[in-house]
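Below: one structure in structure tokens.
Note that the chains are named A, B, C and D in the order they appear, and that numbering of residues resets to 1 at the start of each chain.
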Amino acid sequence: MGKSKGASPKLPEVGQWPDKIAPAVAIAGIVLTTLGFLMAFFYVPPVAGAAVDGVELIGGMMVANKLLISQKIFYFHMPVAMVSFVALAFSCYYGVRFLMTREWRYDTCSAIAIEIALVFVVATMATGEMWTRFEWGVWWTWEPRLTTYLVLMLIVIAYFVLRSAVDEPERRGVFCSVIAIIATIDVPICFAITRLIPSSIHPVVLREGGMSGEMGMCVALVAAGMFCIGFALYRARFGQVRLAQRVEAMKESLED
Amino acid sequence: MNPILAEIYSTVIPSAPYVIAAYALIWIILLVYVVIIMRGNQKAQKQMMLLEEQLAELKAGK
Amino acid sequence: MGLFSEKQELETKTAVSSDIAVSVTGLTKTFSTRKAVDKVSFELPKGAFLSVFGPNGAGKTTLLRMLSTLTRPTDGSIFIDGIDALEEPDIAREHMGLISHNAMLYPDLTAEENLLFYARLYGVKDPEKRVIELLDAVGLKHRRLDLVRTFSRGMTQRVSIARALINDPSVVLLDEPYSGLDPHAIEVFDQLIESVREDRTFIMVSHDLEKGLSMCTHALVLAKGRVVTFAERGDLDADEFRELYRSTVGMGVA
Amino acid sequence: MADRKKEKLQESGRSAICARPSTFAQYKTLLMKDLKQEFRTKDMIVSMGIYAVLVIVVFGVALSFAKPGSEFLEVSGGLLWSLVVFTSLLGLNRSFSHEMENGCMEGMLLAPLDRGAVFLAKMTSNVVFLLIVEVVAVPLYWLFFSSYATPADTAWMMIIPLLVGTVGIAGIGTLLSTITTRTRGKDVLLALLFVPVIFPLLYACVSATTAVLIGGDVVADTLMVSLVLAVGYDVIMILASWILYEFVVSA
């Protein structure tokens, strides 16, 4: 783990190329998500639910099942979850970079990335909760997907509790980077284990099943939008935190 | 509305509040985060003004 | 012949002649924004005794922790006996010992077990003999089977000296070793240091100006992480130095 | 290159008495120290043992209204593992108490020591202490709850998931307790970090134990899958902890 000799690597800083495109990306995000929202409700046909004893002609198609609107939540639920995993992966990447070079900037980036992950995990839990409440009529079931998100949320919360419990900056940076890395390793395992082991008590209800063309497109659209929003939020938060750090640095230099 | 059609759409009304709540929650959570960032920015800017005043005094004082 | 030329090339690579025990250049440590140690540089010949003075928060302990490879410096280089302590910390550690106010001994192990543990960690040849020899040197041979928990502060500090000397280090670091010792224990401690002093280099951090001055061959005063003065004991006028010390400590506290 | 350098240092005389020991030798020294220290003071084993008994008593009260029957077997897999997790949490919290007392952690870091050896030694000692407590607590559990249900004859296979789980708990637990041992509010923080990270291993071990306890056809499919996944988790996590340990211990 030698010190990075020579010119220190170009550190992520406010005003670099990501900040130039951040506003455009934010607008693109908003546009895409609204488009996805409209598409989810007006373009994509609702999913067929339980069978109905009879057949009806609707919009030129023979329908023999209940049409579920509740499934529409899925079009935002899945993309938001994807963004939360990507944000966690970024936090892990910056954590590794911090451990290699001990540059404070990477520790800041890692913390902000995992903050974005927390925002999106909370959003995922909220939408998942609503869906569970309607789908199964209960506020919580130990169903694999829900438990995995709960575990992810707990780890991210633990990250922030640890971050506030350690005062010395160097030690805090190292510990938080290690936890970000461990979390990023742990979550996929959670995903895999909860799916592969058939919990005998209540079988895994695989609601998603196959996704029809329109559904896939809608999810992709919303996902793109959510990634843009996530990126824009990251840059905004990064700018704000950097400003606070510069103020802190100035305060210190003015003192002595 | 004949009974079959009614049954086909029977889940729409009961599921409506949850769907709305889900989308509203996402919007609220993102909004709360943006507000946190904005407030952080304002706080930092205020402190920056204070520091600039202090710097000006220091320069004037020297 | 190959080996000889090899050795030559190694010497020049480290570019430090063999009689310099400790060479520190541009050593810096910044904690996010605060510069705890700022570009400290000095060189110590073998057998020197450096006393480091300075107000609280001047970076004395951080400097010592960096020298002992416990803390990574942000910048600068440290050469111990010609070995780059940053590139090869493990080899540098074989040459060093640290005595600090906490004894680094396990209270629930006996004095002998503690020293045997460290002897084996350092890979000392024939550890049992070495441990007995050291315990005898610090005058605790008869108490070697007692738990360190039952020892007085003075006795624990003497076992700590034995621990620091277990690998026969060429550089011994002392981090405020006198704190918590009664006058008699201090006197015994000084005798021990004197007895092992030949051909070893010492770096001591302490608040006790008189004690530091009396024992040192070199003096270094730090304030706010920066070197105020670094001078040989010979060309140092005691009163002028006391005056300088009082002013830096005064400045530090303001 | 390193050996030639070592030869050169031998000649330099000063540290002639030090021949850098192999990592395994250092591992053995560290482990012996941990074991000797623990068997002399026994504070970790005794406190974990008493804690386990207390947890069983709480279970007893909690289940006093449950009607005995086969459902108890489905539940007891989970109960056993919650007993193991909370007892190991208590043990892990104290695992570094000896090191922290007189700054001995720094004493160790001063030695030319491979940090991986520290991790392995502490992990092994944690595994040993946990197993000792489990050997006492698990039979005690079945003694106290024998009136509820007797497990299937395949119950002895419960040892396998217990072993795999204990190794995993000790591995990850050592890394996390090294992090939390020097922070404020360390016990809560260790639990908060430990439970989510250990969740998959717990999930797999509980399913394996339950399968073994119920016996019959359930054993066939779930046991193998759960054990393979648990071992997989152990390998990945212990490898990651070993690599990351160097940063954490010298931070």
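Simple rule for what comes next: contacts are C-beta pairs under 8 Å (C-beta built on N, C-alpha and C of every residue); 3 or more make two chains touch, one makes a residue touch a chain.
From a predicted model like this one, the values you see are computed outputs, not experimental measurements.
Averaging Cα coordinates per chain and for the whole protein, the chain whose average falls nearest the overall one is D. Annotation: 55 Å between the Cα-based centres of chain B and chain C. Averaged C-alpha coordinates put the centre of chain A at 16 Å from the centre of chain B. Chain geometry summary: the mean Cα position of chain B and that of chain D are 43 Å apart.
We define each chain's centre as the mean of its Cα atoms; on that basis chain A and chain D are separated by 32 Å. Looking at chain A, residues 170 sit in touch with two or more other chains.
Across the assembly, chain C contributes residues 72 that each touch 2 or more other chains. Counting partners per residue, chain B has no residue that reaches two or more other chains. Chain pairs that touch, as defined above: A-B, A-C, A-D, C-D. Interface of chain A with chain D (complex): residues 1, 99, 147, 151-152, 154-155, 157-158, 161-162, 165-166, 170-171, 174-175, 177-179, 181-183, 185-186, 189-190, 192-194, 196-201. Chain B meets chain A in the complex at residues 2-5, 7-12, 14-16, 18-19, 21-23, 25-26, 29-30, 33-34, 37, 40-41, 43-45, 47-48, 51, 54-55, 58.
Across the complex, chain A is touched by residues 31-34, 71-72, 74-75, 86-87, 224 of chain C.
Residues 2-3, 102, 104, 168-170, 245, 248-249, 252, 256 of chain A are the ones that touch chain C when the two sit in their complex.
By the touch rule above, chain A contacts chain B in their complex via residues 37, 49, 52-56, 58, 63, 65-70, 72-73, 76-77, 80, 119, 122-123, 126-127, 130-131, 133-134, 229, 233, 236-237, 239-241, 243-244, 247, 250-251, 254.
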